[in-house]
């Protein structure tokens, strides 16, 4: 086990995906037959999914369709009723160092006594360990991550004093500090201002350009076609997955949202043309 | 302030200070995790713990009682968690059910047992006996501090609470990063692969150890007050967790010193003849400090910008 | 006759009978009043209220002695305890509202500080010449030993009044406990009703001080509602169930405590209530642990069985151990993982179900339907036989195993 995780760390530092013959088996994130239930009702039922490297994938579906649940179950943050998860072909426990996670902004208490830079440094905790000393280089790295999201001026601000968009950027900076190969973001664009949305998408696109896998739970159908390469449509069960060009179609959206999307609304979206 | 102080006030004051610090440190995290009342629950179940220990061993001695109390605290924590999950009951009610039941069982056991020959009663459990923890051998004043004979006669409570206080400080330092991150953002800590369940349980167990050791010396009132008041007051003084910890330690020490002095000398100042309960007075002072920070603390109110947009 | 049965039949003396009736009424009032707090998720506010009575007891004693009266007058002591409990209550509210501290921290701070100050006052009382036999420690754990006839009357009358007040205020308090926003929209003053709720809890606490003591009265306010919640989902019933459980605990507990000298009333009442709670936790029909465990295991089997059949119908390999065990256990696959005839038949039926759902979702693209497509809801629950027949007509009968059944993509 120790040997394996050592290899993973090396691969993570090189920024390369491990090569394996089976594309699904070595995908940045693959889930198979995942079911999660709250009480007696499945929130996610028997979902198979593969999220590719060097691409941005949107997980799309109506409220309560299990988007965030799927993400959390894949991370092991909430228990699964059944199913398996692999990260770069490894069980998740050995591949944690290659994953960065951005939880929903509303999931934490922003009244917590911490400054912006404190939060970004949390992204390095795994690497520093419990007692390791924080080096100047690590501090500089945290500052660089903060600069990347345009928040350098706020490093010493208490997190409760930030706007919603600024908080979201701090969370993204923390994920950047993790130096991962797979980025999982839960509703990163929810309730943020336009400037923040642009800043976040720029960062995510540069991650993609570096060959990383980016997976976002996403709400805004209007921006799917411009931001993302792949979509994963879910409503408790998987409805469809694939490149935006072939999968983000009116028929699939109807199957996902039922009658909740008016036909006119669907027409306005920059939908793929079902060839 | 010579030999009399060393003989009668130095050790109780030191014990009060160490007990206050040992409780205030984990209290910081309990408050931030909205588990402040776990301290309340733990301090109530200490009673059944020591009664059971007494029934099993038949003697009133420190070690079995400490173990019994610690065991009861662990049982209570597990019961609370079980009732919460199994019965789908909100944490406050689960705590209320657990600690009142165990406390009632403790009182009943105590009444059913013949403890007339030994010093074991509910009042002692609640109020402690800080005033009696004197250093009688210290007849030479401050010079006793280097007199091995006198040192050997230090009240054993002092050694125990010093040890536990050191342990709590060490645990806080070692697990600082884990505690901080899992308290702020448990989902992220989970995703990092940290054992968040074990961290939470470890925190509560540490609090229980502090409570039991402090209880041994000063009774359960101080324990609950010190879990909550100094950290709560500290939270209103700063927006940095590191500084909050220092403030809480400072407030804990201040409460212990002022409380002890007021209890011992306060009544004399106003013409009364008898001292009042030191444990009660320490709790009262910590409450006054909290009251002052609620009124004047620089960071007393919520800022709320992020909070509103986040909901 | 058996002393316990004597006490139950109110034949164990006048005082014992009064204590029994008083305890039953107190238990009923505490259970009912505590329900509102519990439903409002503020059960432990009662803990702060109870501990905050102690300084009032001490102050009232000191004041009454200073005025030349008998410090032990129960009504005077109870009035004093109500005064400081009220102050404590207001402080909890004030801290939680005006500072960044959360309510649990406010509760803990108030209860420990007031209690600590109360202990200080008790030590003052002990040094007063009139205070040596004050017996104020009895308020910590309750005592019926030195109870006077008039004390028992105070408890019985107070308990009856509290029950009456609970009955009077039950509708607005239920409303506020369940949905404060809705109550506000209806024009109720939520803050005032909240205060009334707390006031009632305070009254019950004060009445119960002498009988069960300030630490265990908390149990009387919390345990019966929590227990009652296991037996009913209805807001109206949970109050009366809680009252009933509290009343029975009080009555039986008081009777039990008369049977032996070393049986303190307060703890016995609490332990009776706690045993009712434990029993409910395990055996209650819908919310009990036993029922929940059975349901969860059944649900988990259902999920795995369904997922296994889906995999069989698509001729996909099954990896999950539990799925394999479930299928093997039902004889749907052979030990080597190949489907049996029975398994193939059920897989075909599953495939047909999926097909029907696909068609159904194409035809009925409405919001109500999409939520039901969760993999487990049988299609027969959602559509009429006629509609299903229509789906089948479009499918053209069950298909052979292994035919492609991918999503609509």
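The first chain written gets the first letter, and so on, giving A, B and C; residue counts start at 1 in each chain.
The rule is simple: contacts are C-beta pairs under 8 Å (C-beta built on N, C-alpha and C of every residue); 3 or more make two chains touch, one makes a residue touch a chain.
What you are looking at is a predicted structure, and each value in this text was computed from that prediction instead of being measured.
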| item | value |
| --- | --- |
| Between B-C and A-C, the pair joined by more C-beta contacts | B-C |
| Chain of greatest Cα-centre distance to subunit A | B |
| Cα-centroid distance, subunit A relative to subunit C, in whole angstrom | 38 |
| Computed distance of Cα centres, subunit C from subunit B, in Å | 29 |
| Multi-chain contact sites of subunit C, meaning residues that touch two or more partners | 100 |
| Interface hub residues of subunit B, defined as touching at least two other chains | 235, 302 |
| Residues within subunit A bordering two or more other chains | 111 |
| Complex contact set, residues of subunit B against subunit A | 32, 174-178, 180-181, 183-185, 187-188, 190-193, 235, 238-241, 243-244, 302-307, 309-311 |
| Complex contacts: residues of subunit A adjacent to subunit B | 72, 75-77, 93, 96, 99, 101, 103, 105-115, 118-119, 122, 125-126, 128, 130-131, 158-164, 167, 174, 184, 191 |
| Interfacial residue positions of subunit B with respect to subunit C in the complex | 31, 34-37, 39-40, 44, 83, 86-90, 92-97, 100-101, 103-105, 107-108, 111-112, 122-123, 126-127, 221-222, 224-225, 227-229, 232, 235-236, 263, 267, 272-277, 279-284, 286-287, 290, 294, 297, 299-302 |
| Subunit A - residues contacting subunit C, complex | 32-33, 35, 37, 40-42, 45-46, 62, 64, 81-84, 111, 235-242, 247, 251-252, 254-260 |
| Subunit A contact footprint on subunit C (complex, rising order) | 100, 295, 299-300, 303-304, 306-307, 310-311, 319-320, 322-323, 361-362, 365-371, 373-376, 407-409 |
